[in-house]
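Below is one structure, written out as structure tokens; the observations come after it.
In order of appearance the chains are A, B, C and D, and numbering begins at 1 in each one.
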Amino acid sequence: MDAILLQILNGLDKGSAYALIALGLTLIFGTLGVVNFAHGALFMLGAFCAVTLNRILTLSHEVVDETRTDFLGNPLKVDVPYVYDILGEAAGNAVIDWSVPLAILFSIPIMIGVGYAMERGLIKHFYKRPHADQILVTFGLAIVLQEIIKYFFGANPIPTPAPAAFAGSFDFGAMLGFDPNTIIYPYWRLVYFAFAMIIIAAVFAFLQFTTFGMVVRAGMADRETVGLLGIDIDKRFTVMFAIAAVVAGLAGVMYGPINAPNYHMGMDFLVLSFVVVVVGGMGSLPGAVLAGFLLGILESFASMAGVLEVLPGINQIIIYLVAITILLTRPRGLMGRKGVMED
Amino acid sequence: MGILEVKGVGKNFGGLKALSDVNLSVQENTVHAIIGPNGAGKSTLLNCLVGKLIPDTGSVMFDGQSVLGRKPHEINQMGISRVFQTPEIFGDLTVMENVLIPCFAKRDGAFELNAISAVSGQNDMKEKAEGILRDVNMLDKRNMHAAAMSRGDKRRLEMAMCLVQEPRMLLLDEPTAGMARADTNNTIDLLKEIKEQRDITIAIIEHDMHVVFSLADRITVLAQGTPLVEDLPENIKGHPKVREAYLGEAH
Amino acid sequence: MFGLDAKDTRLVLIVAVLTMLAPFILNPFPEGSELAQFNAGYPDLMQRFVIFGIFAIGFNILFGLTGYLSFGHAAFLGVGSYAAIWMMKLLTMNVVPAIFMAIVIAGIFSLFVGWISLRRTGIYFSILTLAFAQMSFALAYSVLTPLTGGETGLQPKMADPRILDGSLAEGTTPRANLFGLQMSSSYELSVGGWLFTFNAGYYLAAVVMLIAFYISIRIFRSPFGMMLRAIKCNQQRLNYTGLNSKPYTLAAFVISGMYAGLAGGLMVAMDTQVGPERMFWTASGEVVLMTILGGAGTLIGPVLGAGMIKYMENIISKINSTILHEWFYWMPDGLEDFVVAMIYPFIGKGWHLTLGIMFMLVVIFLPGGLVEGGQRIARLFGKGKKAETDEGGTKPSSTPAE
Amino acid sequence: MSKSDISRRGVLRTGAAVGAGLATPTIFTSQVWGGGHTGFTNAPQGDTVTLGFNVPQSGAYADEGADELRAYELAVEHLNGGGDGGMLNTFSSKTIDGTGILGKKVEYVTGDTQTKSDAARASARSMIEKDGAIMITGGSSSGVAVAVQALCQEAGVIFMAGLTHSNDTTGKDKKANGFRHFFNSYMSGAALAPVLAKAYGTDRKAYHLTADYNWGYTTQEAVQTSTEALGWETVNNVLTPLTQTDFSSYIAPVLQSGADVLVLNHYGGNMVNSLTNAVQFGLRDKMVNDKNFEIIVPLYSRLMAKGAGANVKGIFGSTNWHWSLAQGFTTPDGTEVAPDAGSAAFVKSFGEKYGFPPSQAAHTCYCQTLLYADAVNRAGSFNPCAVGEALKDFEFDGLGNGPTLYRGDDHQCFKDVLVVRGKENPTSEFDLLEVVEVTPVSQVTYDASIFGGDLGTCNPGA
């Protein structure tokens, strides 16, 4: 029982990352009709916003420590961040410690800029082109973006720890009356889950309750009609692209402490996020979120030792099995509309 | 006994009754028109005839054989060809290829792995295709991309694609919808020609009364998913029930 | 000739001449010269050109004609490879049964995958094929290790049964051969500073590719090919014309799966080793890129695209900073460092970046791929002559492929 | 490498090419991979010899590959008489005199393995077929090593493995033309177990998470066998997919199982992520069975450990070599380890050239290059069979690991193994690990037959 509870919890948390990425992907697909293979790269860029901010905050000058030696036997040069000089060591440390949450603010303008530039500079010209062209050009863009990041940051993962206040884990078991240590969950992952819920709620509220959102939703349902109403839907779609970029970026920023960012983390998520979107139903926002959580939970169950004993290797293929099953039984995914992406 | 016998056909969409107890008998080598106001169920009925939809109740027999549960291509192979409201052609292919495809379908059936012989070497097929293009006055456009043609030409091409299969029955779904008067008249002339020159049964769904009364041998009026009257054109013209159905619907 | 019209015959002949003379064409620079770096006329790369050419030609039969975008074709290549290596381990090092079995097994597997995946269209079809391929990869890498060798893959071993072969002489390793002719054997021709290599394996692969290319032309020009193009264009009309599109797409899927299997079998014949990465989704993506880069739906495009990508992967990636410095040694020191620093990110380990930029440029400016580029150039130079608009009619320009 | 050197070389090469172009066109044919007259593949002609450095330059192990390449460049420099000579000064065999190999100047070509066996073989084949490489070396995974080793066997060149840790490389997939300096899973297990028993007691329950592929299997098995021999119990072993990035669902149930030790049989990106996740779950703050919960990473890579940041602190693992050997240190149990001259020479020469200490991958690649050059010199021939014979049962010292044996039965090096632990107070970003114990070679030696496989006979090319 506690094992199942734990995996549900875990699945929700995993699913929240999937849902966030799939949400952004669906926003772009649903509004602009563009299959964006560079979406994973946007997620990766977000994570590297956090890395960059951390780098900026830890910009240092060297102080020679005569008492210790470096690997060559020379006096050790210790890096002292400039922040220490400005704020003092304690406050400086606190700022560096909180660099990931701070990166949320840092990343928003950057991701808006990236999203805007991408849409105006490239994607815009591909609205009328076949999906295969869109896939190819965005795939090319994804390669270019990740190679640029690799050029500056290297191929290895870069640790971006969460603030020390969120270290360790919360004991749900003790709270629910199970034995202690049976259901524990890291604080930061709980933060991520809450954060994802807030973002998802914010996106839905934005689409549901603002006029801007209403027009966009109408545009998603029937672009031509909205165009006929004399509304400049293109401008709004640019904004939506920027929003999708921000959603992907924020998902990446907060993901840093969970898995140390590296340049190919976007590609790692790409296939998975497309599976999520398709299982949810192309173009359906609630579908994307639902499928994200569903796949997260099923993946967690499939990784249980008991399950693996019965079905070895099921953890390798569960996502794809689910995708095949759902697509065969529900042709357009869980909540997809007819006629979307079927040609 | 007609070539097409529709008996007691009903179709529901969710709670909505689209068709109920439709009976229809189309006689061989006649033109039978099905008219009715918008939402009367004309398209639903047509879709039931060609295999796109399966009715909930009733039977549809073509030449003594049931068409129900058969796929569109099987129904076509039985001898029913369909013309769409907006011409459905192969836009990326040439006019000639557009006509060759039904020729092969007629000769080889629904599937034939004919992957080695060249299309250009099939002289009998080519002659047949050229013949039908000549009939519809399109031989000079044979190498054109189908998508690049005018709407009227597309309609004629689609007709040619159907006729080249020498179907026993042609189903037309508002063939003149959205056409200019001149094009409509051309289409009427084309259909008249077809009717006169070939042994063919035509069922036509139409909004345009001019078209209907120029062509039809018999007319069925459909309203709210059920046949109102079936009669000769001259009797339909003044029929009070028909007038009621149309006036009720019309503005 | 060969049941083809004049234009297609000319194309086949051009391709045949280019492939047969590839050892010369691909080695334009003398040994030891600075530009020898760009020579591609060594057996491994020439083999890869034609093998990936076959893979892309097959993929094009499905994608180029029917428009069904499969994202899992690498799985068939991988399955074909495994089938081939098992034939070599169990039966004989002769490549004929290996290649034959690769085609058969890949055909059966693609029949299964296609039968299920073709129930859906559009991106749903793509995801289904992707799912099957990723499952194949994941299982081959892990739980199927006894069958696939897992991470380290499979190679012929001394201890394999090879029931049709006699026992190996002491001190020799099992080698792939065609009735005794070893695939790795080559003849070198040295003319002045030039060195040309004629490799048995390459010529086998090249002949197979020519046959595969010829068959693909026949398919393109056949009623079957016409039906496939009709499916891409308007599936509804096709169904109402009395044709069942399902078996057509399935047949196209299986044929292209068999092409992939053939490519996989040939890969093993040329280089007797199989690893599961061959089936990873990026490998499936690669063949999509090759086809679109060269020109989907054209005859020669996929081969050009395959050549282009393999050239980048094998030649550009090997240029390192030392070589760059050698090229630009004649410049003033400061300038030399600057030029090298400017070029360095794009070559050697940065070849992925160049590849990405090239995809983008081609897709943005040449939606029809390299074939369209070739046509544009041809039109530029041949304004006076009759304009050749037919796809596939264009001659490969300066691309280093066949 | 000084720049003027390159320029001069550029002139020479161009000159040579022009000369060759002007020569009377002589046409001759010969069977390749045989080189007719010489009897072996790619016999060096002229006054240079070409080595092929096949390392991952793209993909997840690109940084490791870059470090390997640095080491190779350094080794070439030293072989050609440049720089300070590095470990040539400490190497017990003194045949290398700064004039290249057998008097031929060493040149090299590089390629990208992409950490994929297909790409690695393609790259290696191009080096052999196009560039005339006489020896291939490098790589940073066992899949690649096994694939390239088999290729070299077929082609008739020597393969000097880079970083490859699976038992298979010199076990069931061993080849007569392939040689490995790096240690393996078995040695990691054998070296780690006693240290673990000493640190954590013999009454422990271990939970294994294992990468679901060959290397993972062999490592897990090695650690399980050697720890169980000392009294540990293995509670569970769960296989994780290679492509997994978030290990939370595998780590979450660990505490419920009653285990008090978690063994992460992961490498590279998998290791960084699983370790980060495990620490995130606060496992190391927990008490289970009245013992402090512990985590173990059997194979450490400093480059990768950097990605895990502070999470490695206090975590045991093993490594082939570590730069701190250069300085000497005191292990936690008070044993004084004197500075190792070979390591010192290598760290100095590498550190001064590149500004940071070399990784274990760099070390093994550097050693392999020197060992190859020395073997050729001793054999007096580039013929792979002669070189193999020279390497067989070769005993040497001064390459950073103390006295070492290249065992002839499986072409595996036997030397001391380092058991390391993540450092609590690192002084720099390179100072992440501290050596806890230098496990003597006798403790990690095994019988060559236990992993099966067959070396076959050496192949000099057709």
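Methods note: a residue touches a chain if its C-beta (ideal position, glycine included) is under 8 Å from a C-beta of that chain, and two chains touch if they have at least 3 such contacts.
Remember, it's a predicted structure, so these values are computed and weren't measured experimentally.
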Once the contact rule is applied, which chains count as partners of both chain A and chain B?
C
Is the number of contacting C-beta pairs greater for B-C or for C-D?
C-D
What's the distance between the Cα centroids of chain B and chain C, rounded to whole Å?
46
Computed distance of Cα centres, chain D from chain C, in Å:
33
Centre distance in Å when chain A and chain D are each reduced to the mean of their C-alpha atoms
35
Chain A touches at least 2 other chains through residues 312-313, 316
Quick check on chain B: which residues sit in contact with 2+ other chains?
none
Interface hub residues of chain D, defined as touching at least two other chains
58, 62, 212, 239, 241, 243
What is the shape of the graph in which nodes denote protein chains and edges denote touching chain pairs (line, ring, star, complete, other)?
other
Would you please name all pairs of chains that touch?
A-C, A-D, B-C, C-D
Tell me, which parts of chain A touch chain D in their complex?
2-3, 6-7, 9-11, 13-14, 17, 68-73, 76, 78, 150, 154-159, 161, 167-169, 181-182, 184-186, 188-189, 257-260, 262, 264-265, 268-269, 299-300, 303-305, 308, 312-313, 315-316
Name, in rising order, each residue of chain C that touches chain B in their complex.
3-5, 218-219, 221-227, 229-230, 232-234, 236-245, 247-248, 251, 255
In the complex, go through chain D and note every residue touching chain A.
58-63, 212, 236, 238-241, 243, 245-246, 248-250, 252-253, 255-257, 269, 272-273, 276-277, 280-282, 285-286, 288, 303-304, 306-311, 323-324, 326-327, 347-348, 351-352, 356-357, 427-428, 430-431
Listed in rising order, chain B residues that touch chain C in their complex are 50, 71-74, 76-77, 81-82, 84, 88-93, 97, 100-102, 104-106, 108-122, 161, 165
Interface with chain D, chain C side, in the complex: residues 30-34, 36, 39, 42-45, 48, 138, 141-143, 145, 150-153, 155, 157-159, 170-173, 175, 182, 184-193, 197, 199, 267, 271-273, 275, 277-278, 313-314, 317-318, 320, 322, 325-327, 329-330, 333, 348-349, 351-352
